[in-house]
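These notes concern the structure reproduced below.
Here the chain labels run A, B, C and D in written order, and each chain numbers its own residues starting at 1.
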Amino acid sequence: MKKLINTPESVLSDALAGIAAMHPELRVDAANKTIVRADAPRPGKTALVSGGGSGHEPLHGGFVGPGMLDAACPGEIFTSPVPDQILAAARAVDSGNGVLFVVKNYTGDVMNFQLAADIATDEGIGVRTVLVNDDVAVRDSTWTAGRRGTGATVFVEKIAGALAERGADLDKVAELAERVNAASRSFAIALTACTTPAAGRPGFELPGDEIEIGVGIHGEPGRSREKLRSARELAEIALGAILADRSPEPGEQAIVLVNGLGGTPLIELYIMAAEVAAILSRHEVPIAANLVGNYVTSLDMAGVSISLCHADTEMLDLWAAPVATPALRWGC
Amino acid sequence: MKKLINTPESVLSDALAGIAAMHPELRVDAANKTIVRADAPRPGKTALVSGGGSGHEPLHGGFVGPGMLDAACPGEIFTSPVPDQILAAARAVDSGNGVLFVVKNYTGDVMNFQLAADIATDEGIGVRTVLVNDDVAVRDSTWTAGRRGTGATVFVEKIAGALAERGADLDKVAELAERVNAASRSFAIALTACTTPAAGRPGFELPGDEIEIGVGIHGEPGRSREKLRSARELAEIALGAILADRSPEPGEQAIVLVNGLGGTPLIELYIMAAEVAAILSRHEVPIAANLVGNYVTSLDMAGVSISLCHADTEMLDLWAAPVATPALRWGC
Amino acid sequence: MAALIRHDDGPAARVKEDLVDIAMAEAWIRAIAVAVDEHRDQLIQLDAAIGDADHGTNLCRGFTAVLEALGDKHPRTVGEVLVTTGTTLMSSVGGASGPLYGTAFRAAGKLLTEPAVTPKQLAAALYAATAAVTQLGAATLGDKTMLDALAPACTAFEDAVLHHGDLPSAAAAAAKAAEEGAVSTIPLQARKGRASYLGVRSMGHQDPGATSTALIFEALAGVTR
Amino acid sequence: MAALIRHDDGPAARVKEDLVDIAMAEAWIRAIAVAVDEHRDQLIQLDAAIGDADHGTNLCRGFTAVLEALGDKHPRTVGEVLVTTGTTLMSSVGGASGPLYGTAFRAAGKLLTEPAVTPKQLAAALYAATAAVTQLGAATLGDKTMLDALAPACTAFEDAVLHHGDLPSAAAAAAKAAEEGAVSTIPLQARKGRASYLGVRSMGHQDPGATSTALIFEALAGVTR
């Protein structure tokens, strides 16, 4: 394993030290392992807290700041945070207007955020939780833990965060977050496995001409293993699954995320973006906004995920609203 | 070779199609292979044009926009653009106030930009060229082609671009660009080799426990091959070389770039950032501004480069000035 | 230490030895810590195959924290040992296994409010643990989770006790059942946890959580033996 | 086609055959295109070792463009063939080799203003090419560049001509010298181009540009043979 680390055990705390050193606009609590807006709690503002296992950077810490998250609580690599951490984040940002937990739908994340929510509620903090479950590679059935939360987390955190910044109350922010999640779909393809510092070797062996279709963001294998294909064919597979699951309704426009999984160069993401744009225009789905880059990663995994939010005018307006975080910044 | 591409031959044009589809604020000329500000030429504005081989994204196309470059001309992978391309870019952005060519110091880039400059001058376009040569891993002597241009290109394009946006004339912009380059140093370390689409296999074989110290951004081996070390030791090596070559002068503050080479996850870059910050504070070098992420890459190479600009107050002020490009955006 | 007592003296001790006291409870937890540390890589690899490769690291981190926590404490009941263990796991492990094992140990501990408890009391506590895991995780037998090792272990322990088996034999029976339960997950398709994302591809792999549950009961058998 | 003429008829032809005409010049360029295509991977690998692995791709792209350009043109002089070649290389290759080979062919072509030229004229043209490369690249012999193949080839060609060698033998001598020059770069430490960044690590590898220069003269020998 070749990584720029000191020890596998210290990866999270060392990375938090880097965020603290380079982002004075954020407050890093090394003991509780939280990343908080320096100006939190913001009087009168509904707070947003998200978190999950580390290894998906810039998610979530890179989305803390005006117009998006008030705090993030990163767990160990691929391990959801513990309730204490989540609770510390909620306490740090609640101004009495309540806290929205943005939780990616994984058993561990759901349980730990739920435990934290119970205690926070006992303490008198108003908590609502939105579960993000956008990955169409997983069928939501009694046979699974439900769909994984992946790229749509960016849509939910940005759009709900903008509404909260405008002063909406917890219920309104939560309701919109639910709608954004409901309007979003994702699909991911891996060219290589990723290596966690603790494991020290790739999660699975992938022959030089094979790829994993329908992977998540935790290094797990996907739904099927297939032969490598052209960017065009891979875009067809991903968007085919996404549009088959939810086709645009009248008045909706697309916010598109062409997301690198961590080890894929930007030039390849733009090649995928060209194919995605071509397919969407064939389906007469207008692209109102887009992001191309590494936003929801899986350590050093090479691959791409495509996310699509069928946005209404309110969502588009809030997407365009000012945001100032390490990873997402415009309008200010 | 596993890449998200259609064919090795079409990588550049396919990627340009993606940029065209996702960035309406830019004008992509598919025939001349140029990326131009949609509002160019800007009356009264000194124009900045840069370019070089592709495979370093977001450099240079991702830096085209208000406050930075007016145009970029990407060559084939790791191949400097041809004079025709550079000339087309110059013609597209010149408003009669002249064009600054920002050229990374590589034999091919220097020659092709020089050929273009000669023709442009014949056509009556005022051209000045700044050579970026910040890589301290290469000794500038009669034994080399001179120092490579790497991370400092971001400093030069951002700071000179901001001055041009404020209406300064070509000579003033060129003079500042020279000063920024003179104040900047970089050093890079590779954990893996990169694979060009045409070659189809890594440029060199690197055992599982070895790294290349002092590499460039074209997949070439570095000055020496050594055993893998901790993030702390690697940061010492890089900053040691950088500070030994140019120590800060009174009144200067550091703009720091902790740059991923393409295949390295962000969490590792923040671990490096923590070490860099610790070393600089030991040397009492204040960090006035910083960037952590993938800005000057080498395809899928895993590794990091550290760049440092010993900035004076004018440079710091211009660094903070508004910029709106695909890869760098703040203040607007 | 149960072993020592047994060999030192006669019938009186035979009764005494069949109690789980605070020292034995702490010895059990320490034995679990040793076991997860020894099997760290195995648990990582099992999780890598159908999950995210962190189960071994999670439990090692958790039980290291537990040993620290127990170090400062001077528990006055067997339950305190287990509740401290559960609470510490909850606040140090994360992931799915943290809350699940955390609630399991807490639920068991809450029933054991004496300095020493009988095998019957422990059997009831194990049921409480199983119920807590089922309630929090909403898994059923055959979903390919830790429950597939925990439930049969719990039943085997009670059976042994009801048929007048002593503590060592009950613990041994539970360990055997847990191990069989863990192995029984191999052919199953996961319906809970992240292994379920793999669909049919989750078949043919042993569930990491069921495997760590088997280690926990093996440790119990070890300290009561 | 030189070969054909030679065998067809006597002394008169001996003179005629020793001229380089437009057809032969075009045949030379086509032969170069074939050669760089056949040696594409070799040039890529040589460049990968001490450069950036694009030399083979660069020249293939360039000479493909050259063949297209020549296709449309009906050159009236040998020089036009070479100037078109150089101009097209400049605007299609990029990198260091684009301008260098571009200027080389252009400089040579500018001196050959007739439909057919003598070996002496070609020798002078080769000198012009060498001078142009030296001027643009500022390299000297032993810097481990294309010059290490170009310069000796140029000298060998002129020597042969001066010693009354015919075109085929002069071209053969140039090809041999270019090949030896390319091989001679192996032990050298590069002082120009990106190979120079490797310092002493550039030693032990053959320079890609010198290698492609050897291909160019081998192609000349082939079409004149």
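FYI, a residue touches a chain if its C-beta (ideal position, glycine included) is under 8 Å from a C-beta of that chain, and two chains touch if they have at least 3 such contacts.
Source: prediction; values computed, not measured.
Chemist: Which chain's C-alpha centroid is most distant from that of chain A?
Modeler: Centre of mass proxy via C-alpha means gives D as farthest from chain A.
Chemist: Between chain C and chain D, what's the gap in Å when you average each chain's C-alpha atoms?
Modeler: 77
Chemist: Indicate the whole-number Å distance between the mean C-alpha point of chain B and the mean C-alpha point of chain C.
Modeler: 56
Chemist: From the C-alpha centre of chain B to that of chain D, how far is it in Å?
Modeler: The separation of the two C-alpha centroids amounts to 34 Å.
Chemist: Quick check: what residues of chain D touch more than one other chain, meaning two or more?
Modeler: Counting only residues that touch two or more other chains, chain D contributes none.
Chemist: Can you tell me, using the touch rule above, whether these chains form a line, ring, star, complete graph or other shape?
Modeler: line
Chemist: What chain pairs are in touch here?
Modeler: Listed in label order, the chain pairs in contact are A-B, A-C, B-D.
Chemist: Could you please specify the touching residues of chain C with respect to chain A in the complex?
Modeler: Going by the criterion above, the answer is residues 44-45, 48-54, 56-58, 61, 90-100, 136-137, 189, 191-194, 196-199, 201.
Chemist: What part of chain A is in contact with chain C in the complex they form?
Modeler: Residues 53, 75-84, 106-108, 111-112, 115, 137-139, 142-145, 148, 196, 198-199, 203-204, 216, 218-221, 223 of chain A touch chain C in their complex.
Chemist: Using the touch definition up top, name the residues of chain B that touch chain A in the complex.
Modeler: Where chain B meets chain A, its residues are 1-7, 11, 14-22, 54-55, 57-58, 62, 191-192, 208-209, 211, 228, 230-232, 234, 256, 258, 262-275, 277-278, 287, 290, 292, 294, 297, 299-300, 302-304, 324, 326, 329-332.
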